[in-house]
Every structure is written in C-alpha cells, then in structure tokens.
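Down below are the structures I want you to see.
You will see two complexes here that share chain A, one where it goes with chain B and one where it goes with chain C.
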Partner chain A sequence: MQVFDLTEDEKDVLQELMNVAYGNATAVVAEMLDAFASLSIPNIKVIQTDELLATFSELKSESYFFSTQAFNGEFKGESAFFINQTSANNLAKHLELESSEDLDDAILELTNVLTSTLTTKLSQEMDTEVSFSLPSLSKIPLQEIGKTSAFKHYSQVIVIDTDLNFQDQQIHGKIFILTKDESIQWLKTKLNSILELLI
Partner chain B sequence: MKYLVVDDSKLARLSLVKSLKANIEKAEIFQAVNGVEALKVMHSEKPNIVFLDLTMPEMDGYEALPKLLEINANAKVVVVSADIQTKAKERVIALGAQLHMQKPINADKMKEILDII
Partner chain C sequence: MAQNKTQQYIRTLDIDKKIVANIDNGIIVLNQELNIYHFNKWLELHTGIKEYEILDKKIDNIFDQINSKTLKRKIKTALRIQTPTFYTASTSKYLIPIKVNQLNNSSFEYMQQDVSIIPFDEEKGLVALILTDQTIMANTNALLEANMETIKKLNAELIKERDTIDKKVLVIKFDKTFCIVDISQALLELLSYNKEELLGKNFLYHEKNQMSQDFQMRLVESMKELQVLEFEESIFSAHGHKICFKSTLVPEYNANGTHIGFIIFRENTTDTKRLAQSQEKILASSRSAAMGEMVSMIAHQWRQPLSLINTIIATLKIKKELDKLDDEAINEAFTKIQTTTSYLSDTIDDFRDYFKPNKKSSEINILSLFDNSIFFLKEEMHQNDIEYKIQGEENISIYTYRNELLQSIINIIKNSIDAFTYSKSDTLNRQIIVHVQKLASHVTISIQDNAGGIEKDILKKVFEPYFSTKSKNGTGLGLHMCHTIITEHLKGNITMNSDNNTTTTLIELPYSILKGIK
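For the complex of A and B:
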C-alpha cells in the first residue's frame, strides 16, 4: 500500500477550503435551530484506520449517536457526525421534541443538512461534484466503534475534523470527513493546482 | 494607502493579496497570521484598511477587532470570514467593522469592497 502524506501547504489549502465549507454548513444549521454556533479551526491529518478508531475513543462519551453519510465522485468518502447523549437531550429540549423517534429523526435531518452542505461546498471549492447516499444513524457504545462497518472500507484516511458548538444550548457535535485511498492522490493534485493559481 | 491582511491561512492571505493587487496598482500590503501579530503591525505601520479573519489561533478576530480600533480609530476593518451566520455579522458590525464579507474573496468581490469603503 502506498503511504501518502500531506505537505504543510496542502494541509493549509484543505483547511481553508474546509473552513469556508463549514461556515456555510453551520449557517444553515444555525438557521434551522435558531441558534448561534461558534466556529473552530478544522484539524487535518492523514492517518491509518486504527489510529482513527483511537481518535474516536478520545471523544470520551459513554454513549452517543453516530451517523454517517457516504459521498461519491472524484472526491469520494464518508462523513461522520457524533453527538453524545447529553447534547442529544439538549437538542430534544431545544426543539421541544417529545419522543425518541422524533429525536432520531431530528439528528438524521441535522446530519443530512450539515454533512451534505459541508461536502457539497467543499466539492464546489475544488471544482467537482459529489452524490450522496442516505445518512444512517446508530446509537452505539464507545467500545463498539471498531465494529462499525463504515470504517472497514478504509486503510488510510485523510481526516478533517471540526466541532459543532452551540454554546447557549449546550449542543456539541464532532464531524469527520473521511477520504478513501483512491481519492487522496486526486485531492493532492487538486490542492496544489489551487495554490499554484495564486502564486 | 496601507493594507493589512490578517488570516491564519496562507491560501486566504494569498487570495486576498492577489485580489488587492488586481484592483490597486501600488498597494502597500502587510500580512499577519493572527490577532496578536495584527496588533503589532497596527502599532508599527498604522494601516488604513484591515482585512480580518474571525477564526484564528492565539487571538481571534472578535478579540482583535476592538483592540485594532483602539490603536487606530481611523482604520477601516473589513471582516472576511467563512462564518456567515446573521449573529456573527451583527456582532462584528457592533464591534466596529465596516463590512462583513463571505470568504473566499476574488478580484470582483474586492472591487465591490473597495467601492463601498
């Protein structure tokens, strides 16, 4: 297996594109929730899948909702959204939801809007298009994350992670965009061409 | 005229500098990677126009904005950010920014900004 890494310039370009995309996605979700989110700087790294599972375990939540949405095209991969039980309860309170089915539905919709807006904008910035599968939601204990089928398709991934943070409502989530091996070389070429246009 | 571009991203700074140069022949442009550096440049160079990002390490744009205007009340600050939430726009205008513009900025968008301010 070929091992890839990103240069500092490539990371910078990807981070900035992600920043712009995340700003758009957050604005849509903020409007949906009628709340204000504080934005954080996206973190970019290339890691092996076992390291990714260790990263997830750092979330330190015993129980959480975990939803994923695959995207396809030249830029191919999966987005994952985590929201822990406490934040999910606060989301239910904020939206005045009465049943757990309503909460599941709200989290799925939140995931769909957040990750599809984010990935669409990121793809637009890179002058390409992606198509989406329907998001799926599971509620799983932390120790079982390694068994999640979504991560078996990856050996090495570019992880772009950032936080969703609605401070007043105490709703916090974490978003990961995982890029498949075959997209990494495409991504590196694209990031370099974007930078070259400006130099 | 002196311009200061404040952004932690090299891509964002390059993009802003290029769009400025496309509109202004002899622009004196300074760059800073966060609010702390921006304050130092404001002290030493007194730029007339500042392009300020919001999400930055060390000192973000929200914290830097009033401090920049404290040093030079005549400076015009244009916030250039990916955060396009209405409350973010209202907050930076209340803090003294002239404008809030969505990233990324190209030459046409820069012309718009320069025409307005």
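For the complex of A and C:
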C-alpha cells in the first residue's frame, strides 16, 4: 500500500483553504441557527483507518449522534459529523423542535450544511465540482462503529478535525472529512499546482 | 449529417419540460414564502390535484401537515449555500402526503419520500423540490430492522446457551488434522489448563501418553470411519490428578454437511469410580471379617467331634491295654470315627460353599436354609441359653442366590446372639423367633429377638457402613453388607424395627430375583 503524506507546504495550503471554507460554513450555520459561531483552527492530518477508529472511540465517553454524508466528483469522500447528546438537545431547543424525528432531521441538516459548505468551498478553491448524496444519520451505537464496514473502505484518510462552537447555544460538534487514496493523490496534485501559482 | 440533424431537432424541443413532465419523481418549484410556481405531472397524478388549481398558492395551506418553519429554513439554507438541502425518508417519512396503493407496500400508509431542495433561481429566490419514492426502500429497511431484532434475540439466546455449554459441558473439539480448535471452560478448569496452552496442539500427541496403543488405534479407526465411539478414558490434569471420563467421540460437520473435525463429549466419572472402588473394598473387608468369624465357628464345630475321636481312640487304647479289644469294638470305633470325620469334612464343605458367592440362582427352601444356618450357630445359642424357634409353612421356596441369603441370615442371627451377650440382658426366657410368611407378591422373613431393643437414633444408622455398637469387636460391616446384598443382589428389602425389649428385622424377598418384587 502506498502511503501518502502531506508535506508541510501542502498542509499549509490545505489549512488555508480549509480556513476559508470553514469561515463560509460557520457563517451559513450561524445564519441557519441565528447565532454566533466560532470554529477552532482545523487540525489536518493523513492517518490510517485504525487510528481514526481509535479517535472515534475516544468520543464514546459521551452519548453521540453520528451522521455521515458522501460527496462525489474529482474530490470525493465522506464527511462524518459527531454531535453529543447535550449539544443535540440544545440544538433542538434552539430550533424549537417538537419530536425526536425533527431533531434527527435537524442534525442531518447541520451535517449537510457543514459538509456542503466545506467541500463546495474547498472544491471551488481547487477548481473542481462536487455533488452530494443524501446525508444519513447512523442508528448504530457508537461503540459499534469499529465493526461497521463503512470505514473499511478507507485504508487511510485525510482527517480535517475541528470543533464547532455556538457558544451562546452551547452546541459543539466534531467533523471529519474522510477521503480515499485516489482523492488524496488528486488533492496532493491540486495543492501543488496551487503552490506553484503562489510562488 | 444525420447525427447533427438529430441533435438540432432535439434542441428545438423543450427537453427539460418533456422530461420533467414524465420523470418518475415529483417536482415542485417554490419561492421562499412557499408559493407554488410549478407542480409536475407526476404529482398531479399522485395527488389528484391539478397544477392550475394550486399555482401561486402556499404549499403549506394545501398540505397542512407540512412544517412551514422547517421547510422555509431548508429553502433559505439551500439558497444561501447554493447546494441542495434535504429531507430524508428515514427521519422525515414524507413531505407531500400520497397514499400508497400497492398491496405489497402495506406497512406504510403514505409514500415515503426523499426530498432534495435544490437552488433554482437565486435572484428570484426560487428552489425546486425533487421528491423520490423511497417506500420500497423504507419497507425493506423496516423488514430488515424487524428481522435484525429477531436475529439479535436469537443470537443473544445462542450466546447464552453457548456460555452455559462452555461452563457446564466437558467438551473438546479438534479438526481433521487432530489440531485442537476449541475446549470448553469446564474441561479446562477440570484439567487445570489455560485455553492458550491447548489450542492448536495436536490432540493425539497431547493426550497420547495417557492412552494405550490399542486404544489409540481404535480411536483413529473410528475417526477414519467417521463413527461415533463411546469409551472410557482417564487423563492426568496439569497438576497430575487422575481424572476418569466416560467419553463420546462424534464427528463434526459444517452447515454444508462437510466433515470438518471431531468433538469429544466427556462425563467426569472419577467420583463414581471411586465410590465403586470403595464399595468393592467394603465387600472385600466384609468377606475377610466373615472369614475370621467362620474360622472361629469351624473351630467351635470341630471341638466336640475332635474330642469324640480322641475319646474313641483313648477307649481303644485302654481296651487294648486291658486286652479287651475285640473286632466288634474296633469296628464300632472305626464306624464312629468315620462318621465323625465325614461330619468334619461336611462342615468344611458347608463353610466353603458359604464363601463361594453363587453365580447362579437356584430354588431354595427357606426353612431348610435356616436349618443350615442354625447349624453354624446352634452351639453358640445353646451356650448362651437362647431358645430358637422357627415358624412358617414348610414348602416356601424362592428362586434366589443361596449363599448370599445364607450369609445375610447368619449375620442377622449372629447379631441377635451378640445382642444378648453384649447387652448382658437379664431377660429370663431368651428367644430368637423366625417367622416365614408367604404373601401374594413376595415372601417375608422376620427375625425377632428379645435382647433389649435398639435406641431410635441408633436404629437409623444400623445399615450404614462402619457403624457398630460393638466398639472393639465389631467391624461395622455386617448389617451394611446384609443391606447391600438383600437390596442390590437379591432385589429385596430389609428394615429393622425395635419396640420395648424386642428387635425385629424384616426381610422381604421376591419369589424370583429375575422378576423382583411386583
């Protein structure tokens, strides 16, 4: 298996692109929730799936909702969004939701907004297009994530890990953008052509 | 060119309109205030509402189930981020109520819909809602979920059962190459091994030291033939304890019926074995105790005839010295000596018979059996001033093991005699009375003495092994052996009762040991 790793420069560029995309995403979510949002600086790394599952398992201490959404195009992959029970409840309160189904829908919406704004912006910056599948909310308990086949398709992934904070509402989430080998290769090429333009 | 012409022709058509009209999806165009701009043919057909009837009306007024706030939020978001937003069937079920009319979709009343809200015209704030029928998928999911529930339940049961088996059943599994693939916790604990120590080891090699060459051959033979084999084996645990098993070798097959290996189920028989061995020991020591008793009895029996012979010889000597020894006297003396020695010989035979356990049952007359046994004890009873009486019909015969019964009777009467001597009872008319009675299903023999009776809490224990009231002299095996012989060998019952001064031992015996007591 070929192991990809991002150089410092590539990481820098991606970090910059992500910051732009994140700014965009936060703005939209803030608008959607009508609240001020802040984002931690995204932490970008290429890791093996095993490590990813270990990261997920760190989240197990609390009860989490877990949703995923696939995106397709030259840059393709899946985003995984985690939001804990307390945050989800606050989200429900904020949106004045009545039933748990409405809450599920709201979480999916939040996932969709974050994923599409992030990836759309990112792909725009990289001069490509992406399309989105319907997001799905995982019904599987978090402790069984390691067993689900979904993540087995990824040998290594780019993890763009950030915390989303709507401080007034106390809504925290964690989003991971997972991409497969060929997308990582494509991304490296893209990042390098951007780098060349900058120099 | 034909191809270009076709392409030109197609361009003259309003492709989108035609396709939108015929596509198998519902399409609605809305503005941010939820006013309807377009309602496609698919929706007309499914809802029975015509586009012209509802154009420019608010969709949430027409379908009042729609949550306007959520829909508005989604539309606003889609327009803002310029990518689709969604409703998914799995959480939102449906947006536009459309009755399901297919019979096989009976688990839902309304069509389950995925809805994509795509930005259509940013300037005018229009979006298009694309509805996809997901009923079949939702149905499949519901079915799957229901089945998953069943599977989960079954699986839980299975795991529980497996766990029980693992904890309770002694079982070892190995594959066709005799490589141990599984071993139950119960067996591991018994043998004091860790699973890791045994997994992957060769079964034959691991247990070979404890198997005879012959047996190994037989085992391998059965394995080759894929036969079920029941056998006894003993294995040394990791701590060196010998453990006996009754085992069953069973070939194991997978779900396709392919032979994959073997399972041995084991039953720990160590305790049973030990019990049988101790029973044998008890029997042996009771035999030797009885033997000792018999020797003293023989001595007793011989004393009188021997002194008779002595007397005859002495008389002969005197007559010879007095010169009065004639032929008649010699003949008379010889006849007497002959009778006496044959009596001595008979006594030996009788005792020898008594020690030989019968292999075959035979017809026994009970009264004459008592005569035989009393013959051994008469002298002792006489010395102790005990009167012996037997009552009952003369012709009572049963089919049983003669010597076993004889041994038991002697034991019981001997106990009664001992009771008189040990208790030092001052009963004037010392008596042992035997009463034999014929009943419909069996024969009863009661042996009663008036030697003072037995206390209740002692009475409970008289048939237990090594229980004796005779301190030094008793082995404590007599009555226990009687009990074993009568209940197990002779298929009868024995009970003991005591009342005031008397003790009664009641023996019940079947007419035939082959049939038992009905």
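For the reader, a short list of remarks on this structure follows.
Everything below uses one rule, namely that the second predicted complex is superposed on the first by the 191 of 199 C-alpha atoms of A that agree within 3 Å, B and C clash if a C-alpha of one lies under 4 Å from a C-alpha of the other, contacts with A are read in each partner's own complex, and residues count from 1 in each chain.
Basically, a residue touches a chain if its C-beta (ideal position, glycine included) is under 8 Å from a C-beta of that chain, and two chains touch if they have at least 3 such contacts.
Computed from a predicted structure; not experimentally measured.
Under the clash rule set out above, the superposition-derived model of chain A with chain B and chain C shows the two partners fitting side by side. Contacts of A:T86 after superposition on the shared chain: neither chain B nor chain C is touched.
In the superposition on chain A, A:Q170 makes contact with neither chain B nor chain C. When the shared chain is aligned, chain B comes close enough to touch A:V20, but chain C does not.
Angle at chain A (Cα centre) between the Cα centres of chain B and chain C in the superposed arrangement: 150°, in steps of 10. Of the two partner chains, chain B is the only one touched by A:A30; chain C is not.
In the superposition on chain A, A:S40 contacts chain B only, with no contact to chain C.
By the touch criterion defined above, A:L108 reaches chain C but does not reach chain B.
In the superposition on chain A, A:Q48 contacts neither chain B nor chain C.
By the touch criterion stated above, A:N192 is placed in contact with neither chain B nor chain C. After superposing both complexes on chain A, the closest C-alpha pair between chain B and chain C lies 13 Å apart.
In the superposition on chain A, the residues of chain A contacting both chain B and chain C are 31. On the side of chain C, the complex with chain A involves touching residues 67, 69-70, 73-74, 76-77, 80-88, 90-93, 114, 116. Against chain B, the residues of chain A that register as touching in their complex are 9, 12-13, 15-17, 19-24, 26-27, 30-31, 36-37, 39-41, 125, 194-195, 198-199. Every residue of chain B that touches chain A in the complex is listed here, in rising order: 8-12, 14-15, 18, 54-57, 81-85, 87-88, 102-104.
Within the complex, the chain A residues that touch chain C are 28, 31-32, 95-96, 101-102, 104-105, 108-109, 112-113, 116-117, 120, 132, 134-137.
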